[in-house]
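The two complexes that follow have chain A in common; it is paired with chain B in the first and with chain C in the second.
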Partner chain A sequence: MPDKPIEGEKRVFMTGNEVVAWAALVAGADIMYGYPITPQNEIMHYWTRLAPKFGREFLQTEDELSAGFTTIGGVLAGRKAFTATAGPGNTLMQEPMSMAEAMRLPTVVVIQQRGGPSTATVIYSQQEVTMTTLGGNGEGLRIVYSTANHQELFDYTIKAFNTAWKYRFPTFVLGDGYQAKMRESLTIYDPASRGIELVEAEPFLGKPGVPGVDRPPTQLRNTYNVEEELYEVLEGYFKDYEKIAPEVAEHEAFGLEDADLVVVSHGVVSRACKAAVKELREGGIKVGYFRPITLRPLPVDAIRETASKARQFLVVESANGQLARLLKEVAYGCPVEMLSLFKPGVGITAEDVVSRVKEIAG
Partner chain B sequence: MSVQPAMPKSWRVDTKPHKFCPGCGHGLVLKALGQAIDELGIQDRAVFGCDIGCSLLAWDFFNVDTIQTHHGRTTPVITGLKRANPNLVGIAYMGDGGGYAIGSQHLVNAASRNERITVILVNNTQYGMTGGQMAPTTLPGQKTETTPYGRDPEKTGYPTQGPEMVAAITREGAYVARGTVANLRQLKNYLKKALENQMAGNGFSFVEVLSTCPTNWRTNAEETWKMVEQELPRYFKVGEIKVPGGQKEGEANG
Partner chain C sequence: MAKAVKILLAGEGGQGVQSVAEIIAEAANEEGREALYIPNFGVEQRGGVSIAYLQIGDEPIGAPKFQIGDIVIALSDRAVHRTRQYVGPQTLFVYDSSIEGIEDALPTQAKRILPIPAIEVSNNELHPRVFNIVIMGAVIKATGVISVEEAKRAIEKKLGYKFEKNPRLRELNFRALERGMELVAQAI
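Coming up: the complex of A and B.
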């Protein structure tokens, strides 16, 4: 059995789902649990082909509830476990992930967004932002990376495992069906060759020794008897989350120094926005580009700073304002005017963005 | 000085007395399970998963690593754990609502896949923790909070035959039995065989346990015992239903 899935680095031309499978392999994922749903299926397809060659496991479950809860079981046993889903599957996934939040379990979930609500369309949207960042009956104690291209799918899937096991918050990679199904060039690599150290997994349950004799038993619960008991636990979690948020938050931006209007977007749509902003700037229009990479936690300071300098935000997304709502909360009190280009469940081109900006500029 | 009653070695003494209502069957099932864990010497390998409902009150019951999960989801949590570390002995402990209603798809599919885990399902014919609603196992005519005039099988069906269903969908290698808190020696043997079946890697093991809920049945001690010893077995046949490669209990003597 070969030791390493990838030696050094390799230039490849792959679909995003294949990229995720390779990234999980090199990140040291031990086991994937999954249930079929488009557009994430090929993550399972590639994983089931690659995994046995490297001593990794797979279980196809009866639904996404089970995929999420078996992933939790894998994590409790001390293995790097992950699952992938989309759309209505993501809806079901919120139940297990609320348990992961409640118990600080380092689950990793890859979401390839599809249209909503309901079954809707099978390939593309950015309509799972609210659910992925704030889903479940909880407080959004989770980390969400929104990727824009295949290189990022690879980089951030590796990072997701490290983030999850380092900080012990459930971690999501938020892609979409365009990224999942499209082929693109990227460099896949052995994380060690880039100086990326993989955070070790360790068991929660079944550690060595007899419980009650050699060590206290590990007894984990998500149910509390009284309100104050829960409050105390959550206060601790919020404090931890607040502390790590600035370390975890990431964004990308350019052209902010002289921009009256800043185009704000995330994920695959930011590619169109980036191209549009470049084109507009070349044409002498002073626009800026801002893209949160983490949607949870958001890069709060950077957003507020930008929202304090720029006159207008143009929020562009393939949803009816799911990113915009998050931004409005963060930018509350800043004088920025929020304008929008929303195309729920539909792709957005650079031309769309350019013409919207020109329309605003008059 | 009061004398402590004899407890299984694997019980966590500092959390006793336990949190179940007086007359509840859970303590008896967990005593039989504790004895089985002791006799098999698996306190260091066992992982106990408990569901939502009264079963969650067992979250700190044993000196055994324990995970309290969501309603109906103990089966997949223990499945995922066992798949990730096959050296552990996975025990999924739940009620009839958790196993036969909200978590039935997990039970059916874990059984179909022949997961090497042990599921223990305590059948007290209703939802205890939420105040006594109808469960899939409620007897015809039995009054509950959601069948105040008695369960009408025409409208809500007959009691779920869980072990019979599990036996029907599992292949050779599965162990399936129905015990009762009215016969603890037999119950302990069933639980032990179920765990041994998992440890031998034979296949899925499932034990339903007929149990008591005087709080929601609104029965006194005598009526409670009559219910579990006489009424429940009229709908739920006690005994071994599937034993891999061996004889069922009681068949040895012809």
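Coming up: the complex of A and C.
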């Protein structure tokens, strides 16, 4: 059995779903649990082809509830476990992931967003932002990376496992149907060759020694008898989350120094926004580009600073304001005017963004 | 810096538009250029018009899909109807000259409309199965996105295992590529 899935690095040309399977392999994922749904199916397909060559496992479950709960089971046993889903599958996934929040379990879930609500389209959208960041009956104690290209899909899938196991919050990689199905180039690599250290997994249950004597007892709860007890636990979680948020939050920006209007987007749409802002700036129109990479936690300080300097935000997304709502909460009290280009469930091109900016500029 | 070339290929299932787009994208990637290819996909398992969106450039590609193509190629009656929306004043619109009854459906706003006898040539001169390679030749002649040598290398990479068994297939495919290029050269 070959030792490492990738030696050194190599440039490849493949679909995003294949990228995710490779990234999970090199990140040391032990097992994938999954239930088929378009457009993430090929993550499972590629994983089931690759995994046996490297001693990894796969289990197909009867639905996404089960895929989520078995992922939790894998994690409890000390295995790096992950699943992938989309759309209505993501809806079902919220129940197990809220349990992962309650128990602070390092589950990793890859979402390839499709159109909504309900079955809608199997193609593409950015309409699973609210659900992925804040879904379930909880408080959004999770980490969400929104990727824009295949290189990031690879980089952040590796990172998701590390973030999850380091901080012990459920972690999501938020892609979409376009990223899932398109082919473009990227460099895949052995994380060690880039100095990336993989965080070790360890079992939550069945640790050696007598609980309370040799080691503190493991207490994993998602049920509480009294309100105060729950409150106390959650207060602790919020403190932990607030502490790690600035370390975890990431963003990308340019052209902010002289911009009246800043184009804000995330994920695949930011590719169009980046091209549009570059073109507009070359044409002498002073616009800026801002993109949160983590949608949960958001890069709060950077957003507030930008929202204090710029006069207008143009929020661009393939949803009806799901990113905009998150931004408005963070930028509350900043004098920035919020403008929008929303195309729910439909792709957005650089031409769309350029013409909207010109329309605003008058 | 020049913008990426946007190519849209549309046809019936089995005409091979997806494999053409994929081979060209991989060849461009091999040449060190930026390439992005995405198929359309939906809930239907068969029966829809198959569309491939392909972009090739020198800088990272923006949005995966586009609204107006630089070159739009329609290979069936339904594909002509379906692809009109991707045609703008700068678009070269290519369609197979054997498609009948679509005169009224041809886009009126295209920069240029180019009928080519790709189906006829592949059926009569070559072999129906290399139709998609004829189209590939037409695309690279019309756009110049990859060199002929790289196109041949890409075909070799894709079909090399078949050529091993039957070297005449290599000749047939390369001939198809050249014929596709000639068809566009003649029409222009």
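Definition applied: the second predicted complex is superposed on the first by the 351 of 362 C-alpha atoms of A that agree within 3 Å, B and C clash if a C-alpha of one lies under 4 Å from a C-alpha of the other, contacts with A are read in each partner's own complex, and residues count from 1 in each chain.
The rule we apply is simple: a contact is a pair of C-beta atoms (placed from the backbone, for glycine too) under 8 Å apart; a residue touches a chain by one contact, two chains touch by 3 or more.
Since this is a predicted model, take the numbers as computed values, not measurements.
A.B. asks: Check the residue A:T223 against both partner chains and state whether it touches chain B (first), chain C (second), both, or neither.
C.D. replies: In the superposed model, A:T223 contacts chain B only, not chain C.
A.B. asks: Considering only touches as defined above, state whether A:F13 meets chain B (first), chain C (second), both or neither.
C.D. replies: second
A.B. asks: May I ask you to decide whether A:T349 touches chain B, chain C, both, or neither, giving the answer as first, second, both or neither?
C.D. replies: A:T349 sits against chain C, while chain B stays out of touch.
A.B. asks: Quick check on the superposed pair: does A:G73 touch chain B, chain C, both, or neither? Answer first, second, both or neither.
C.D. replies: First partner only.
A.B. asks: Please indicate which partner A:K181 is in contact with in the superposed arrangement: first for chain B, second for chain C, both, or neither.
C.D. replies: Once the two structures are laid over each other on A, A:K181 reaches chain C alone.
A.B. asks: For A:P39 in the superposed arrangement: first (chain B), second (chain C), both or neither?
C.D. replies: second
A.B. asks: Determine, for the superposed model, which of the two partners chain B and chain C contacts more residues of chain A.
C.D. replies: Counting contacted residues of chain A, the larger count belongs to B.
A.B. asks: For A:T61, decide between first (touching chain B), second (touching chain C), both and neither.
C.D. replies: In the superposition, A:T61 contacts chain B only.
A.B. asks: With the touch criterion stated at the top, can you tell me which chain A residues are shared between the chain B interface and the chain C interface?
C.D. replies: none
A.B. asks: Could you pull out which chain C residues touch chain A in their complex?
C.D. replies: 22, 25-26, 29, 34-43, 60-68
A.B. asks: Help me check something: in the complex, which residues belonging to chain A touch chain B?
C.D. replies: The contact residues of chain A facing chain B are 30-31, 33, 57, 59, 61-63, 65-66, 69-74, 76-79, 81, 95-96, 99, 203-213, 217-223.
A.B. asks: In the complex, go through chain A and note every residue touching chain C.
C.D. replies: Residue list for chain A touching chain C: 13, 38-39, 121-123, 149, 177-179, 181-185, 268-269, 271-272, 274-276, 347-351.
A.B. asks: What residues of chain B sit close enough to touch chain A in their complex?
C.D. replies: Listed in rising order, the residues of chain B that touch chain A are 10, 12, 43-45, 47, 52, 56, 59-60, 62-70, 73, 76-85, 87-88, 105-106, 108-109.
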